[in-house]
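Okay, so chain A shows up in both of these, paired with chain B first and chain C after.
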Partner chain A sequence: MSSSSPFIPSLEHLTRQRGVLGSLVVSETDGIVIDAVVQPSVKAPVVAALAASLYRRARQSAHAAGLGGVKYLELVADGGRLCMAGRDDLVVVLVTDTRVGVGLLRVELLRTAAELPE
Partner chain B sequence: MSLAVVERWVEAPLRRFVEDAQAVLALLLTPSGQVLAQHGFTRAVDVMSACALAAAIHASSTELGRQLQGRPFAGLHHAGRRRQLFLARADTPRGPYVFLTVFDQASSLGLVQLYYDEFTARLGDAAPPKSNDTTEVLAENFESELDRNLKLLFSR
Partner chain C sequence: MVFLPLGEALRTRGQIDVALRVALRGLERHPYDADAHDLLARIYVDRGETERALDEWDAAIRCTPGHAGALKGMGFVCFNQGRLVDAERYLAEAAAASPEDDGLGMALLRVRERIASENSAPPSANAHDATRPDEPPTVIHEAPQDAPTSNGAPTGNGAANANGAANANGATKSEARAESAFAEGDAHFGGSGDPRLLFADLIGVADQAALLLDEDGLVLAGQYVVSDGNDVGAEVGAALSGISDEARRAMRHLPLGDWRTIIFETPAATVVMTPAPQDGLVLVAAAPEVPSGLVRRALESVSQRAKRWMEQLS
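Moving on to the complex of A and B:
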């Protein structure tokens, strides 16, 4: 990934948090990686495609239920979590293990998503 | 699901791809334009046109890739307003094939690429080895072979 990307400082900051295995900025529509800082164990293109699809479905579900937009989405699995927050077509995705401190990470994730360019 | 195949070994991998990627259309053909399987088409003439166009685009983009970077492009993506197209080569022990799929907002380029990779792996596993008596489709029997395959696809 290019070090000149405007997303890299934010992604590096998120990935330095305890328990975070990787962070990605993903296009919700295309399901492809815009930028990512991930450990080698994280398959960024696969996570991007599936997480974007999940986020899109969640957004559509919330809209259909009359709840408005999605602010934050978290999937808890046996080995960790997927945390997502978006703005317009961009979604910030975090891949974590089980050691993560969810509260602080959620604040950081929402702040990063709010700072995404429109 | 309106899926039809000329050769049985193609069916399971293609069906899985269509289900996973939620593709609207899918087409597997030889680089010369002979159809092997299709999903979503309702008329033989549309399959024939799509095969001819896909083979031509594949040949052009392959050569363009060779000219620009010394090797063929891995795939081609065209985004329309409502539908998108993905065209790529699928290598198997039986030889190379061309895969064309069309998808809409129910899917995404990332999902299509992800499941395309899985599709090519499954296709490679399912492909029977190329036998010595396999006849190459020559220009002189191209049309009759194409007619035969189209009849197989749309006669069921």
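Moving on to the complex of A and C:
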């Protein structure tokens, strides 16, 4: 990833949080990685594709249900979490283990998403 | 505000204590909502606490001057207490505020007839002397007809006892409470086994909804009532059930194990969902201002209830 990317400082900040295995900025439309700071165990392209697909589906479903757009999405699994917050076509994705403090992480993620360039 | 139809449904089912809890919690969040005070007042009537009911209706009128439900309630309670002049005044104001309510018009007519009857009847008149041949025996609204029977006050004089045909007709409903006049149309809420109310006591916090969906996204239990009182559970369930399929697919490719919960926040609601038995889905939705931790906790209890219910079902 390019070190000159405007996303890198934010992603590095997120990845330094306890329990975070990686953070990515993903295109919701096509599911490709725009930028990422991840540990070696995290397969960024796979996470990006699946997270974008899930976020897109949630956004479409919420819209169909009359609930408006999705601001924040969290998928809790036995071995960790996927946390996402989006703005326009961009989605910030976090991959975490089970030790994460989700309250703080949610706030940081929403803040980062709000600062994404339009 | 979901708690209003929820509280009303619980009240008409006879779950008065749960309805009271729902109404009180709702009022904590919406202390200036006249409909909430009106609901609480009707619950107090059910509990036989008429003074508290009058206080709540008074609060409703202070929140929304001319609130028809509150005026109607105060009118019926006054009638029940034998305060016919006050009853007439409240019911007249309620009828003016809600002219489309035919029941109010008939109740008002009944009260005015009763006042006229009491004013014109000589103290020594016996029952037959006071009988009026034009008394409509069957068209009287249930509450004012039954109300005097329940406490005996207005029917304790000769003029009222003279309404032989009307009272004979009313006597068959003498067990009905005066409050039942407010419950028109309640029959659709169903009996105690109504699956729509399966989670009602668990999501007693205001502005929440819970649904149990089957593998096709069809509603098995619960309801999702929006501010206009409509249940949009079928629409919401059908739209949101697809998210779990997507999550299941994603989990096959990520080393995170099976998914347990999905939470998403929108401008209109916070929604949490978790898998249910037989590939079903349990979903709890709450207004955005409800703390998200509380919503997640509600999901746990709703999920356990759904599991037990499905075990019983199968």
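Convention: the second predicted complex is superposed on the first by the 118 of 118 C-alpha atoms of A that agree within 3 Å, B and C clash if a C-alpha of one lies under 4 Å from a C-alpha of the other, contacts with A are read in each partner's own complex, and residues count from 1 in each chain.
In this text, a residue touches a chain if its C-beta (ideal position, glycine included) is under 8 Å from a C-beta of that chain, and two chains touch if they have at least 3 such contacts.
Here the structure is a predicted model, which means the values were calculated and not measured.
J.: Should chain B and chain C be called a clash or a fit once both complexes are overlaid on chain A?
T.: Here the two partners, once superposed via chain A, fit next to each other without clashing.
J.: Should A:Ala44 be classified as contacting the first partner (chain B), the second (chain C), both, or neither?
T.: Touch status of A:Ala44: no partner.
J.: What is the contact status of A:Gly31 with respect to chain B (first) and chain C (second): first, second, both, or neither?
T.: A:Gly31 contacts chain B only, not chain C.
J.: Spot which of chain B and chain C makes contact with more residues of chain A, would you?
T.: Of the two chains, more chain A residues are contacted by C.
J.: In the superposed arrangement, which partner chain does A:Ala58 touch: chain B (first), chain C (second), both, or neither?
T.: So A:Ala58 only meets chain C here.
J.: Once the two complexes are overlaid, how big is the angle at chain A between chain B and chain C (Cα centres, nearest 10°)?
T.: 110
J.: I'd like to know which partner A:Asp78 touches here: chain B for first, chain C for second, both or neither.
T.: Only chain C; A:Asp78 stays clear of chain B.
J.: Is A:Val70 touching the first partner chain B, the second partner chain C, both, or neither of them?
T.: The answer is second: A:Val70 touches chain C but not chain B.
J.: For A:Ala113, using the defined touch cut-off, is the partner it touches chain B, chain C, both, or neither? Pick first, second, both or neither.
T.: It touches nothing on chain B or chain C.
J.: Chain B and chain C, closest CA-CA distance after overlay, in Å?
T.: Closest C-alpha pair between chain B and chain C: 9 Å.
J.: Could you give the residue numbers on chain A that contact chain B in one complex and chain C in the other?
T.: Shared contact residues on chain A (touching chain B in one complex, chain C in the other): 46, 50, 53.
J.: Applying the document's contact rule, which stretches of chain C touch chain A when the two form their complex?
T.: 232, 235-236, 239-240, 242-243, 246-247, 249-251, 253-269, 271, 285
J.: Which positions of chain A touch chain B when the two form their complex?
T.: The contact residues of chain A facing chain B are 26-27, 29-32, 45-46, 48-50, 52-53, 56.
J.: Which chain B residues qualify as touching chain A in the complex?
T.: Against chain A, chain B makes touches at 107-111, 113-114.
J.: So in the complex, which bits of chain A are touching chain C?
T.: 41, 46-47, 50-51, 53-54, 57-58, 61-62, 64-82
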